[in-house]
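Both complexes shown next keep chain A, but they swap its partner, so chain B is in the first and chain C is in the second.
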Partner chain A sequence: MSAAVAQYAALSRRSLLTMVRQPRAIIPPILFPLMFMALSSAAFDRTTQLPGFPESESFLQFLICATIVQGALFASIAAASDVAHDIEDGFFDRLIASPVARTSILAGRVMGSLVFGFVQAWFYLVVGSAFGLTVEGGFIGMIGVTLVAAMFAAGVASLASAFAIRTGSSEAVLGAFPLLFSLMFISGNFFPRTLMDGWFKTAATINPLTHMVEGMRAQVIGGLDLGEWLSAFSIALGFFVVGLVLATAALRGRLAAN
Partner chain B sequence: MQGTDGHVVAEGLTRHFGTIEAVAGIDLLMRPGEVFGFLGPNGAGKSTTVRMLTTLLRPTSGRAWVAGHDIVAEADAVRRSIGVALQDAAIDPLMTGRELLALQAVLHGIPSSASRGRGQTLLEMVGLTGAADRRVGTYSGGMRRRLDLALSLIHEPQVLFLDEPTTGLDPNSRFALWDEVRKLNRERGTTVFLTTQYMEEADTLAGRVAIIDGGRIVAEGTPEQLKAQVGVPTLQIVIGHGEDSLGAESILMRFGEPAPAPAGAVAVRLEGGASAIASVVRALDEAKVPVEALDLHMPTLDDVFQEATGRRLEGAAESQPLEQAPNPQP
Partner chain C sequence: MSSAEVTWGIARRSIVLISRLPSAFFPSLMMPVFLTISFAGAFSGIVDLPGFPAEKAIDWFIPMTTIQGAAFAGITTGMGVARDFESGFYDRFLVSPASRASLLGGSLLAATLRGLAPLALLTVVALVAGANLHAGAMSIVVLGIACLGIGLCAGAWAVGLAVRFKSTQITPLMQSGMFLTVFLSTAQMPIELLTGWLHGVARLNPMTNVLQLARQGFLGDVTWDTTWPGLVALTGMIVFLVGFAYRGMQRVIP
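After this line comes the complex of A and B, so read on.
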């Protein structure tokens, strides 16, 4: 049993190492959401005074959770494209030619993304705080937000890994990215649902990401709210479970197709 | 046939990809401690065979045992007993040699206390101690292959599979890797299954060779047996300018059939084998025939391949520059 744990740990470590050692691959996914955060909080700060806008101190306070989720999304897609790279360059074969547990091949990447998502979320919170962000839920609220982000990162990583394992192509993984990206935008993440109208509002309301970010946001703009947090966390967990089922099926399919 | 007496046994091993029959029912018997060469051109089915024997690919039909374990039913036991270095030296360029060795050890369930020392020994063995803490992305092709070899040995496997270990390497790196494989086999008794498209490699390294073409084994035996089957060596002499070639020819013909030779040279197929050279030289000397050059062409595995398939082995020309002298073919 301890050998299996050591394998999970070693493969997670490798996943993190390879992410951190590719600055070109990992800096844009961290910086882009940050830039977006800086630009829109400068541009839209006064919208917070619009009637119907959720009560928040600043647009930054409203936006921060969307930024965190966006960052987790970007980084996890990059991690999943590494899974495809492993298949393309044969490292995957090295893994399956060893007596390692089949699931740890996947779990290593997913765990790596979980850890990375957690750290990345804290990074955004710290940067935000430097620009005057206050989190009403305090330190516990921050922990709550970053835990959801970590779970969501693991969820996206496993979903995208399912795709990576099925196609075995890193291009295909990056090509599927716009799909998740639009899911991110057709939501209440960057603008409050209360100010939306028509089909967009309907779409945003259906989108589970809206509810996840709203649940996180509640901790930031309102204060600790266990109910909201649970709803956010369970949506993230849902992504993770679906992703894991699909990825395990894809892995089984690839191993059987051999 | 079960597989404990022979380390690698295959019976009618077959693999189809759609309608293509990549491996068409091969039988193998490899004994413990031997270096077995699997020689064939690109696309002959070498890698597919290795992928089946290393549990990466399931056979369409047929069976095989590696170190006594069925490759399908006991795949995990097979994985524990084998070391695998695949063709592309699939090594994560972002990690260092030492990190990869540690990872490989963990994958094989070796506790880190044991793996550190073993990793160091292997790094010394393949001459990579200086580069151990550099990222693999900075390694040369030869260094990658040597690291790959070290990686495949971390758990001290009984059987080592090397899929085209020297393809794409420069001659020096190739010779260095050959030395490692020889040493490994000699000192640890590791059984080595080696695929190659270079006949010289099979000839120098392998105790026994199977030649595969179109998914079928077309010849099998020790390199010496195989070469002896296709014929005898050819001896060609270049005689002094303006000398009488007829005298030389009549002497040579006492030792075998004439063979085609360029102008100014005479050639003979030595019926008595290479050991007849001494007698030929003595006879020429007695008859005072001035010999300027003497060239012995031994049959090669390429000749064996040609005999079996009617074609030349791909890439043979690059791998055997020494044999490319203008020799008549037997």
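After this line comes the complex of A and C, so read on.
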């Protein structure tokens, strides 16, 4: 049991170090959402005066949770492409040949993304606070938001890892990026659904990410709301469970093929 | 071979590469379509803001996303030059008797022409989505002028970086440079409705005038008053960025 825990910890640590030691790979996924947040907060601040816009102090307050989720999405896909790199450069085969627990190969990556997603969410909250962001839910609200972000990051990492293990190609993982990117943007994450119309509003309403971000946002603009938080966390957990099932199946398939 | 033949040969090779390596060019076509859908859909409510100049969100956003597409398309030319440096192919051009100006001219001609691909695709998207073309065909003509100019600027920026760094690893800087230039302007909101630091930056950014040139036919009539500031801004950007690429090309050693 302790050997298994040590293996999980070692591979999680390796996953985190891989991300941190490749600044070229990890800085853009962190900076792009930050840049988008800075630009959109300044550009769309007046829109908070529109009738139907949720009562917010600023557009930054409305946007911060979407930025956090966007960052988690980008970083987790970068992490999953490392899984494919491991397959491409033969490290995956060496792991299989060693007496390491099979599930730790996957769990290491997912745990690494979970920890990174948590830290990254705090980073965005701290940067936002430096620019006047107020979180109505206070410190507990921030913890709630970062926990959802961490779970979502683990979910995306699992989903993308399933794809990475199945294809064994980092290019294919990055090629799947537009699909998740669309899920992120065709939603109510960047503007309130109340101010949308037509098919886009319908698509945004169906999109589970809309409801996840709205649940997180409730803690920021309205104050602590357990019901909304549970709704957000359940969706993140759903991503994680589906991702884990798919990734485990993909891992079994590759092991059987090997 | 004359300089004109070299220039055309390089440009033709770059254009042919679109069909030979579609994965490198395809994102520059699809990204603006996706941006159009996202911006026009998500921000459809901003037209209700007092003072907002467009009837529909798509009228406001599609010229910006077309410009962004032309920029991405121009950048792919620089990415191609960087790839040729990595494979050693570009060194053969450099040691040939062809002048550096004709080599650069070929890449920049290709970048300019590549900017027409997103224009064609997004014109179709605009028509399908029911965008207002208040000035009829002139709406597309002025948008086309802006696209050709920005394609050339983006190509010059990307080639300038490619000849300095000789590596595709510089691609993120090529992309983020153009992305920021577009978004640090009136890309998302008119200047009157911008607040804080972005208002000040957008006023100074020449891209604001280029976007005014590109958008005018979607918001109203095409007039000289809303055209010339864009043409001046484009000329200034072209002179500066082509100068940047030319200096790099003159100094590059095989």
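Things worth noting here:
One rule holds in what follows: the second predicted complex is superposed on the first by the 258 of 258 C-alpha atoms of A that agree within 3 Å, B and C clash if a C-alpha of one lies under 4 Å from a C-alpha of the other, contacts with A are read in each partner's own complex, and residues count from 1 in each chain.
The criterion applied here is as follows: a residue touches a chain if its C-beta (ideal position, glycine included) is under 8 Å from a C-beta of that chain, and two chains touch if they have at least 3 such contacts.
None of the values given here were measured: they were computed from a predicted structure.
In the superposed model, A:Leu195 makes contact with chain C only, not with chain B.
Looking at the superposed arrangement, the partner reaching more residues of chain A, out of chain B and chain C, is C.
Legend: residue contacts after superposition of the two complexes on their common chain; A:Gly138 is shown touching neither chain B nor chain C. Of the two partner chains placed around the shared chain by superposition, chain B is the only one that A:Gln22 touches, whereas chain C remains out of contact. By the touch criterion defined above, A:Arg46 reaches chain C but does not reach chain B.
After overlaying the two complexes on the shared chain, residue contacts for A:Met35 are found with chain C alone; chain B is out of touch. When the two complexes are laid over each other on chain A, chain A has no residue in contact with both chain B and chain C.
Chain contact summary for the complex, chain A toward chain B: residues 3, 6-7, 10-11, 14, 17-18, 21-22, 86, 89-100, 258. Remark: chain B residues 51, 54-58, 76, 79-80, 82, 84, 86-88, 90-92, 94-95, 99, 102-104, 106-109, 111-112, 135, 151 touch chain A in the complex. Against chain C, the residues of chain A that register as touching in their complex are 24, 28, 35, 39-40, 42-47, 49-52, 178, 181-182, 185-188, 190-192, 194-200, 203-204. Taken in their complex, chain C has these residues touching chain A: 30, 34, 37-38, 41-46, 48-49, 169, 172, 180, 183-184, 187-189, 193-199.
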